[in-house]
Amino acid sequence: MATSNKSRLVDEMKMQSGQDPNNCYQCAKCSAACPVTAAMDLLPHQVIRYLQLGLEEDLAKSKTPWICASCFTCAARCPRDLDLARMMEGIRLVMLRRREGNKFGPADLTPEQLEKLPQQALVSGFRKYNK
Amino acid sequence: MSTALNEKSAGYQPLIVAFCCNWCSYAGGDLAGTSRMSYPANVRVIRVPCCGRMNPMFVLRAFQRGADGVLVAGCHPGDCHYSTGNYHGRRRLSAFKRLVEFAGFEPDRFEVRWISSSEGDKFAEEMEQMTAKIKALGPNRKMRDARWQSVT
Amino acid sequence: MAERNLEQLEKIREAVSQDLLSGRIELLLGWEKGHYWWQSRPLFASSEGDLARLTWDSFCAVNLSRYLLDELKDHQKVGVLVKGCDSRAFNRLLQDNMVQRDRVILYGLPCPGILDYNLLAAEAGSKLKGITEENGQVILKTEDGEIEVNRDEMLMVKCSECLYPDPVVYDQMLLEPLGQKEVPERFKAVNELEALSSEERFAYWEKELSRCLRCYACRQACPYCSCRECFVEQENPRWQGRAYQPSENFLFHLVRAYHGAGRCIDCGECQRACPVNIPLQELNRKLIKDINELYGDYEAGVDAEKEPPLLTYRPDDPAAFSEK
Amino acid sequence: MPRTGVFICHCGTNIAGTVDIEKAVEASRNFPGVVHADDYRYLCSEMGQDLIKKAIEDNKLERVVVGTCSPRMHEGTFRKAAAEAGLNPYLLEVANIREHCSWVHKDIEEGTPKAIALLRAAVAKAVLNESLDAPELEVEKRALVIGGGIAGIQAAIDIAEAGYEVDVVEREPSIGGRMAQLEKTFPTLDCSACILTPKMVEAAQHPNINLITYSEVEEVKGFVGQFDVKIRQKARSVDPVKCTGCGVCYEKCPAKASSEFEMGLSKRKAIYVPFPQAVPNVPVIDRDACLYFRKGRCQICEKECPPQAIVYDQKDEFIERRYGTIIVATGFDQMSPSQYGEYGYGQHPDILTGLEFERLFNASGPTGGKVVRLSDGKPPKKVVFVQCVGSRDKARGMNYCSKICCMYTAKQAVLLKEKVPDAKSYVFYIDVRTAGKGYEEFQRRAAEEYDVAYLRGQVGKIFPEGDHLVVHGVDSLSGKIIEIKADMVVLAAASIARADAPDLGRIVGINSDSYHFFNEAHPKLKPVETHTAGIFIAGACQAPKDIPDTVAQASAAAVKAVGLLSKDFLKGEACTAEVNQAECSGCMYCEAVCPYSAINPVEIEERYHGGTLKRTVAEVNPALCQGCGSCTVICRSGSVNLKGFSNEQILAEVDAICLQR
Amino acid sequence: MKKMIAADELAKLWIRLAEKSTLFLPVQDGPTVLYQPWKDGAQVELEAFNSAISPKDIFLPREETYLHYHCSGQSLELAAVEDDRAVTAFGIHPCDLKAIEMLDRVFMEQEPADSLYQKRREKTTVVALSCTKPDPFCFCGIFDVDPLDAPGADVMAHLVDGYMHLEARTEKGKALLEEAGDLLENSTIDKIEREIKTTDFGLDIKGLPEDLKSRFDDPAWDELYKSCLSCGVCTYVCPTCYCFDVEDYGHDAEGERFRCWDSCMFGHFTQMAGGHNPRPSRKERVRQRFMHKLQYYPEVYNEIACVGCGRCLRSCPVNLDIVQAIKALGGEKVEHR
């Protein structure tokens, strides 16, 4: 296992979510509370642990961030006031941006779509899938 | 003296009078010393028993006598050695601070801070900040008695 | 208006002369006419004959309560005619332990505000011979005829923001109360000064205060200045130098105002007494405004039972500085 | 101008390294009033002090200024030296040129002018110094202990043994406190009652101890040596002199109320003693529950009481006494976990807090000492313990560790195994903290010998399913989700400060931290002192702690109290306020802001126009005044001044400090 | 020498006069008119009645530093503070100039003369200005002041029909007009004719000073003082009050000494070092002030120390002024009593 103190993933995730994984003391309450752990390969507290250790590559392979349903139960229960759901979202965002170039842009949308889709959805879509 | 008034020149050294309560802030100053922290020598401390002892007239006198900034420091609310001194001090000095600002003083010239006896680092930092702010403001011309210069 | 004033005056005279004759009071503090019709000065009446000089008109500006400080040394029981501000001044003195409530009879006179002769004269243009009042209007009688002006626009500065035209404490209300007054924009002048930059404000006060003669009329007229020895005169320590330096001017005026923090009843006698027209009331009003903002609404002199804000505190008080 | 001497200390190189001593001495010579200036390597040494003493005598010095370390360090030393040379100690001033100068500035160019300015200010102040005398304060040879738990009992016994009278004020009808509620104590598994009851009896029977139960402190005035305390003794409705403690009254009483002592798990009568070993063994009538008080009829207890000790019209009484010292030992509360919805506390009878569970073991407890489920009376076979409920939780609870939960959980798991041998315990923990003599060994025994399963992780939710409680948790070490069908769940709820601790703090005059635990004067060196002289703290009112720590702290507080009581007189504050009555206008604003009620109005006579006139002025009681100076500022005319920090002195310091830029 | 200048050209004259002297003029300062050193842009109010404070300030400044001290070791050095710059006092009304002449007697006719005052007086050129429209409080008539002529002026000026006419009456006055010669033209009028009506408040002051000699304990004093607030307004605005105090500024090693106005209306004015105060209450102080004006000064200089400028009538916050005092003491025409 190669741990690294300097992880770009962690830095970007911190920036995106405003949450610092070092605030976690690994009580695992998030995992105990999470309704979708059955489908996860890493438990939520383990994701934080990986973040603490800077295990970027292992995280990149994990399904957990993608399984997280953002139900915020973990955030509500966390005694350290960490918002794990936000951290998961941060990880997803970083991963998406990292994987490849622009997934799709305004040009990929038809005029009807542009008209029908709510503005918020468009903005968040571009934010998520564009570099 | 003349260098002191040489506004915003590289050599301008402001004079800052800090009134510190004996029990918290003065002790915080002692701790800054014991911990060998460093802050600008522009700050001179006068020891008072409590910030409840701080008569605003002391502040005005310091300005009259050429101080460029005045800081009053006391115990954090709730920690007053005399139970209520800083609660009274907070009201008195708040009203006074706004009054002198209304008279045209820059807000940074007169400050009040709570510094406990364990906050040597905060003491040093506040002194550092106060000095920097006063340096940026330049000499106090507003309340300084024009005659003081000729008798010092 | 002239008739109604006479009517009111008769009512007042009747009430107080009864008390003066019966010995309920030994002395009445009221007003009499000065050299001209626009001047009313303090009257110290101890006999029915004195009461013949009593007046009640739109120029009775002098706050009479302060005279109690000395008159109660010479008299057991003193009666005072009190306007709204005079009554608040009385409460100030009461709260400061300077007077005894049971030795004073207060006769309440609701006051619609004192007229400023200088404003009237300026409005008149030619020589002003006299005025009458009617329905909130003042009719100026000039050499060139009559001019009608809005009464509220002719008020002294000290009356322009008055919230309490009616006496707040009295033994006997002699006239019909007027009710609490609406002041559309209280602290207007303070707000305007606050909107300036530090430099502009300083320039403003430096200029205004430069005229100060240190005659201490502001202090002597003030109901909150009841110290036996003012800091200004003390030799040891010498707080205040006598020189007319800007720094000494600032010291005096800031400390004078500060000593009224939470105590000033906003009667404006300081400003009225000033021979060089320094807007002293704005310093006092700044403190009233701030203390109300920071520590809750408090109108000094309105309720003598309510503790002045600088004599108390709350642990969660806000501060005008960073508490980090 | 008084003849002033200036002495500057090198403090080795501590000062001399950053202050040009020679220059400072030279500058000092020219200060107005200075007739002698000298320096020395270590002024605080005996040689240094002798140098000062000799100079005072040789130069007939009337004031002394020492430029040394902080006055908080050696002011006392130098004042004593000055006194030995015949000078009033308060004629000496310290210029702090070490902590506030040489140690915080880089070089001699910075340090020297500042040191000279500080010396100049000290001289300017010193020439205005006056001879002062600290008033001598008589010490009332009696202590007050607030709180009759183990801390209060221990402190009281220690003080009483030292030969001083102690009053113990306890809010409940009996002393004993939290410890009385415990079954066994870790790590030795001593029976709590067996070790506590003798102490309670000892306290009750000690000739120097006076127990004032069912009472609360309402007012504390005065100061160290002379605290005047007003205690409200609540109406017990039972005459303690007549009562024999036979118990007939509560046997016969028809009215019931929830038992505080049993944590609400069972009922007690309207007339009751909280627990069988209560001291004093005198019942009280709970007037909110009593039928006679509520509806005007019943009076069974009165009829049944053999010695006729029932007094329905008893009133609250006030005891006003003076004490030399006060120990505050008011203990702690347990946080209610009901705010944690996921644990379901309060919604199911088999979800308990640690203290509630503790009562189930007790022979006189709600289940008569049988460990059974409150829902169906069956012994639990699977019990889940959850640690850190409300502790170490900055989001919804307390940020601190409650310190005792790890140990009592282990204890309860062990006790459970002994009572219900086929029971299995599971403990969800974050960390197991067992710092203490024999603690680690005990916890390991629980895990190894008593088969307690320690699961590192937390519980996400608990919900009933049939007869069971499903505990959904995680074991973070294996990364496995754990689901346990438990019979019972015990929540180790956080220990918190008493809800009304801040109120008591205000009454007594001591302050608390952000959790409302009382503050010690110094976290390391003054752990039982408070910032208020003569008032000490002990036990869990200061922070969560176990019994040994509590007892140790109680004895420490007792020693401090005894030390104080052993003196006949205390030196009061010399720097007190004084009123210039000729100038005082008598507004009494000073009285309003004085935190020590040290200022009172007095009437004086004054000449006026040949006669005399009476008027009110302020007067300071120097024994009460602590010298804060708040009065001096509210006084507009400066008619109140503070000795040692007078208006004249502070202005002189300001002037002087601004002279040397 | 009689010259004139168009009123709208006066600003040029101020510039010229201010070049070589400190030029005092009645200037609008906020809501108040005061004699102040002229500065570019100052709003000069020559016709205002009356300046809030009399122009005595020019000769007896409210604050005047006159020596500097320096101590070192056992030695004390003193240095006089001097200012040789010439002064022009412009637009002084006849009443005020008469008052200054009263001060002259006090400061210069007694031995030794007050050198500070004397020096200022000597270096000052006074340009007096006749009155145009007095206000209701002017009552100079009863003190023999001619509002159209000030005999003691160096230059007498009149504003007539858009022109200021200037007549030099002394060498100093001539010099001043010559200084500005190129700005001036010869005056076209010989004599000024103007009707000035002032009130007399029904006063009759004949014999009052003599009469008051025996009335130190007159019951009138028991009533008159009552409304007095004990402030110093009347004395500070008054042109004939001249009391001052001396104070040091500085510290033990270095400082300066100055004198500044003081007022007999202040309780501290007569406070002695031991605490005794011969004038402990307002009654004694009010009596002192009016006795000084109406009896003590006239006894030495044969003239009541009042010029009827009306300033105390305008400024006293409680209307306790010299007219009221004179009336209370019987100085009223028979038909008014």
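Per-chain numbering from 1; labels A, B, C, D and E assigned in written order.
Basically, contacts are C-beta pairs under 8 Å (C-beta built on N, C-alpha and C of every residue); 3 or more make two chains touch, one makes a residue touch a chain.
Here the structure is a predicted model, which is why all the values come from computation and not from measurement.
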Common contacts of chain A and chain D? none
Among the chains, which one keeps its Cα centre farthest from the Cα centre of chain A? E
Chain whose Cα mean lies nearest the overall Cα mean: B
Count the C-beta pairs in contact for B-C and for B-E, then report the pair with the higher count. B-C
Intercentroid distance (Cα basis), chain B paired with chain A, Å: 48
How many angstrom between the C-alpha centroids of chain D and chain C? 51
Rounded to a whole Å, what is the gap between the Cα centroids of chain A and chain E? 86
Please tell me the distance, in whole Å, between the geometric centres of chain C and chain E computed from their C-alpha atoms. 31
Where in chain D do residues touch at least two different other chains? 593, 634, 647, 651, 655, 659
Listed in rising order, chain E residues that touch 2 or more other chains are 249, 251
Touching at least 2 other chains, the residues of chain C are 231, 239, 241, 243, 245, 310
Pairwise chain contacts under the document criterion: A-D, B-C, B-D, B-E, C-D, C-E, D-E
Within their complex, state which residues of chain B touch chain D. 1, 4, 13, 15, 17, 22, 26-27, 29-30, 32-34, 36-39, 41, 44-50, 52-56, 58, 61-62, 65-67, 78-79, 81-85, 88-89, 92, 124, 148, 152
If we count contacts the way the header does, which residues on chain E are in touch with chain D in the complex? 71-73, 251-253
Complex contact set, residues of chain C against chain E: 34-36, 39-42, 44, 62, 66-67, 70, 207-208, 211, 213-217, 219-221, 233, 241-245, 269, 272-273, 275-277
As the complex stands, chain E meets chain C at residues 29-32, 34, 52-53, 62-63, 136-137, 201, 223, 226-227, 229-233, 235-237, 245, 247, 249, 258, 260-263, 266-268, 281-282, 313, 315, 317-320, 323-324
Please give the residue numbers of chain A that touch chain D in the complex, ascending. 25-29, 31-34, 37-38, 42-43, 45-46, 73, 77-81
